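Quick one: the structure is below, questions incoming.
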Amino acid sequence: MSKIMKITLPGMPPLEREMIALRIANMLEDGAYVNLGIGIPTLVSNWIEGRDIIIQSEIGMLKCGPLAEEGEIDQDRINASCQFVRDMPGTSYFNVETSFAMIRGGCMDVAVLGALQVSARGDLAGWNTPARGLGKRGNIGGSMDLAVGAKKVIVAMEHFTTNGEPKILTECSYPLTAKACVDVIVTNYALIEVTAKGLVLREAIPGVSAEEVQKMTAAPLIVAEDFHEMEL
Amino acid sequence: MDKVYSSVEAAIEDVFDGAIIAFGGFFSAGRPAALTLALSKRGVKNLTVVVQQVGTGNEEMLELVVNGQIKRAVCNYPFPRSASKGARHPFEQAVRKGEIGLEIYPIGTFVEKLRCAGAGIPAFYTAAGAGTVVAEGKEVRVFNGIEYLLELALPVDFAFVHAWKGDHEGNLVYRFTAQNYNNAMAMAAKVTIAEVETLVETGGLNPNFIHTPGIFVKRVVETGKPELSGFSLGGI
Amino acid sequence: MDKVYSSVEAAIEDVFDGAIIAFGGFFSAGRPAALTLALSKRGVKNLTVVVQQVGTGNEEMLELVVNGQIKRAVCNYPFPRSASKGARHPFEQAVRKGEIGLEIYPIGTFVEKLRCAGAGIPAFYTAAGAGTVVAEGKEVRVFNGIEYLLELALPVDFAFVHAWKGDHEGNLVYRFTAQNYNNAMAMAAKVTIAEVETLVETGGLNPNFIHTPGIFVKRVVETGKPELSGFSLGGI
Amino acid sequence: MSKIMKITLPGMPPLEREMIALRIANMLEDGAYVNLGIGIPTLVSNWIEGRDIIIQSEIGMLKCGPLAEEGEIDQDRINASCQFVRDMPGTSYFNVETSFAMIRGGCMDVAVLGALQVSARGDLAGWNTPARGLGKRGNIGGSMDLAVGAKKVIVAMEHFTTNGEPKILTECSYPLTAKACVDVIVTNYALIEVTAKGLVLREAIPGVSAEEVQKMTAAPLIVAEDFHEMEL
């Protein structure tokens, strides 16, 4: 495959991080239990207020509320990213062994995770940036448990690294979080589903064609029969 | 059966060189700040610390790093998230220099290894980490078509835990997300030392809602509420 | 997310022939009496029941025996303690006649198999039963010089649990020793159905003291306090 | 070894069950966490009121109080034998998975268990009476976990079965609860310690000699240097 690069397109600019989060929020079904990873995934919570979706925070909190305002700060009420949060009617607190029993045990309908790379088979690499020079050491956190335990894994990420390198690849070159775990990838250009046949391009942002997404993607894409413009 | 100690210094007096110590807390919440500071003053060396991470929200742990008291760390999210913060971070730098050995597990594995140590379960299987560097050197076994890793229990000599309230017999209650690793660590340790914000008389806690029964706790010391970690205000 | 059902009948409507069902309760305490009676009326057959024991303190289970609804039982203390009571006991007699197959585990293994099913742990090691008939056909492995058995997780289709209070989202609180197996069974099941003595509004339970978070519970039905089992007054 | 049989002795009659329990209560140290099995072991609780000993009940109760009086009956407060009990200041309730974590995890300083047979190596058979005709099926309950998990296992039993058969044997003939787990045996005639060298006879009830205990015991006994009369 020839060199993949970030290209400048005439249409709409690529999605802001908040808009990637909105597209994912719109994929979540009412009644779902959802865990949101650090980064873009956290922003999904901004789009589900008032909806019947319950957020789990792996620190040991179910029905985690929005970020706390200045006057509501309580050092004993933080999410897994160490942000002060609010509780809600129906919130429950529990220990981390119970939290990860839920996660590994298949109680999470959806985990939304960030990623450094995703492969054509849905392998996820998200915990170790080799450039940092720490070898096999890095922040695994809850990502490996979430990747293997959640019923559905949605990756929220930008299509390219800040250096313009493609993040969707035939094979991941970074250390894996888990093999064949990703179901859907939402980037600032496209929505791609991981299927047994390969990566299926379902949506692209307005003004970007399927061919253009393929040019920006270092793994072969199958264009869905109902390929269409992403709606937000 | 009165397990109350008058000071954190007295409560940790027998912590020895080379001890394996688990520290509760998830970033800032539920960290045993007072016990950790007392340990840094006590100055024992060659410690193995079992803790989510060292020094982000639980800045007291950095004293142990700076003092050169830590030989090895077992963590699940060891480094500051940003590389630039990491470049200024004493723990990350000590790991880079090889002064501190580091072992990393997925959170679920990390906490279950502790619970199992306390529960008389020497080993269990988990899918987390299969097919990754976490699997290196570990037994892989397939159940129902899925690959799992054999993970061993992680017993520790001491656990330093932080609770909201505790009674004289060691019954503990945590507050909100400050619960986190404290219970599993209390289970895993030969000697669990609990710092509590408020010490109550035995019988002063609702028996139906005890988070950690006193049988898992050897010592209790009243330390009050820890100060808000300056870090916490920023999030990671 | 309202999980409340108007009746026990409606809550168990989809329980099917051949289902594996776990029933909470330790003798009389915390048994799902109303759900069990509803199941005996519904009349589904070939059930596998996972329960401490059948019919001692939880007499409602005897209806299932008498109706011939049970094919197999997984228990830890299956029989009346006294042989003479056993001779009059429908469950023991059904086991003797081979009408009900019986699998027995030590309590610790029994409950950990359920917890592991809910916790994504396919198997674990325990020393309980090593060197006994419980070890027959099981992998034996030595850790630190001690023999352990490999025990597999025990997932179930349904769990019938009994709680003191529950809210509309399935958060549960148990009372005293009525807690027992209910939490582990709620974790182990694809569909957990909770009968609660008192249904409260969501937000009506203290979030810091929930015994079983709602994520483990699919359905809630208010049934009031069960009657005192006549058996209980005698003890075993 | 020749036939072992119950003999009539001129001295004090064999201990009542309550007195076996008393001898064991006197062995327990202050500050101990103790689990009491069904039968004679349960009676130990009658002798420790006011002492600094905490009883665990495997149903999920720590600092289990004495049996409830008529007016105190609460169907949600029973011990593992399904008897109504009282709570005490410092009692805690928890689920069975936590209860057996304590038991297997080595938190029980002492388990006092009944037994059908004990072997010279300390094998314990206590859950299955072959005569009942249920084959390999029987009431295991918490006995196997307690036998392997407790720091010290004390067996409380009568020296003979109701049929006059010896219960202390070179090898158990009944299905085992656990191998080599018993530390001390207290019967209605004697206190015997299980050691690496074999069974050591430490005490006999007044009027019974070491020779007489040996005659009643179907396994060889080593008489302790300080062998003496049992005090209650």
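By letter and in written order, the chains are A, B, C and D; residue numbering begins at 1 in each of them.
Keep this in mind: a contact is a pair of C-beta atoms (placed from the backbone, for glycine too) under 8 Å apart; a residue touches a chain by one contact, two chains touch by 3 or more.
Please read these numbers as outputs of a predicted model, since none were measured by experiment.
J.: What's the overlap between the neighbours of chain B and those of chain C?
T.: Touches both chain B and chain C: A, D.
J.: Counting in whole Å, what is the centre-to-centre distance of chain B and chain D, each centre being its mean C-alpha position?
T.: So the centre of chain B lies 37 Å away from the centre of chain D.
J.: Measure off the straight-line distance from the CA centroid of chain C to the CA centroid of chain D, and report it in whole Å.
T.: 29
J.: Residues touching two or more other chains, restricted to chain B: which are they?
T.: Residues 108, 112, 115, 119-121, 126-127, 174-176, 207-208 of chain B touch two or more partner chains.
J.: Would you mind listing the residues of chain D that make contact with two or more other chains?
T.: 87, 93-94, 100, 103-104, 148-149
J.: Viewed as a graph of touching chains, is the assembly arranged as a line, ring, star, complete set, or other?
T.: Drawn as a graph, the chains match no named shape, so other.
J.: Report the residues of chain D in contact with chain C in the complex, numbered from low to high.
T.: These residues of chain D touch chain C: 38, 57-61, 73-84, 87, 93-97, 100, 103-104, 128-129, 132-134, 136-145, 147-149, 175-179.
J.: Where on chain C does chain D make contact in their complex?
T.: For this pair, the touching residues of chain C are 26-30, 53, 56-57, 76-79, 81, 83, 86, 92, 95-96, 102, 104-109, 111-112, 114-115, 126-134, 136, 164, 174-184, 211, 226, 228-229, 231-232, 235-236.
J.: Using the touch rule from the top, collect the residues of chain C that touch chain B in their complex.
T.: Interface residues on chain C, with respect to chain B: 108, 112, 116, 119-127, 141, 143-144, 146, 148, 152, 173-176, 206-209.
J.: Within their complex, state which residues of chain D touch chain B.
T.: Residues in contact with chain B: 30-31, 33, 52, 54, 56, 62-63, 87-94, 98, 100-107, 148-149.
J.: In their shared complex, at which residues does chain C touch chain A?
T.: Touching chain A: residues 1, 115, 117-121, 167-169, 171, 187, 201-203, 205, 207-208, 210, 213-216 of chain C.
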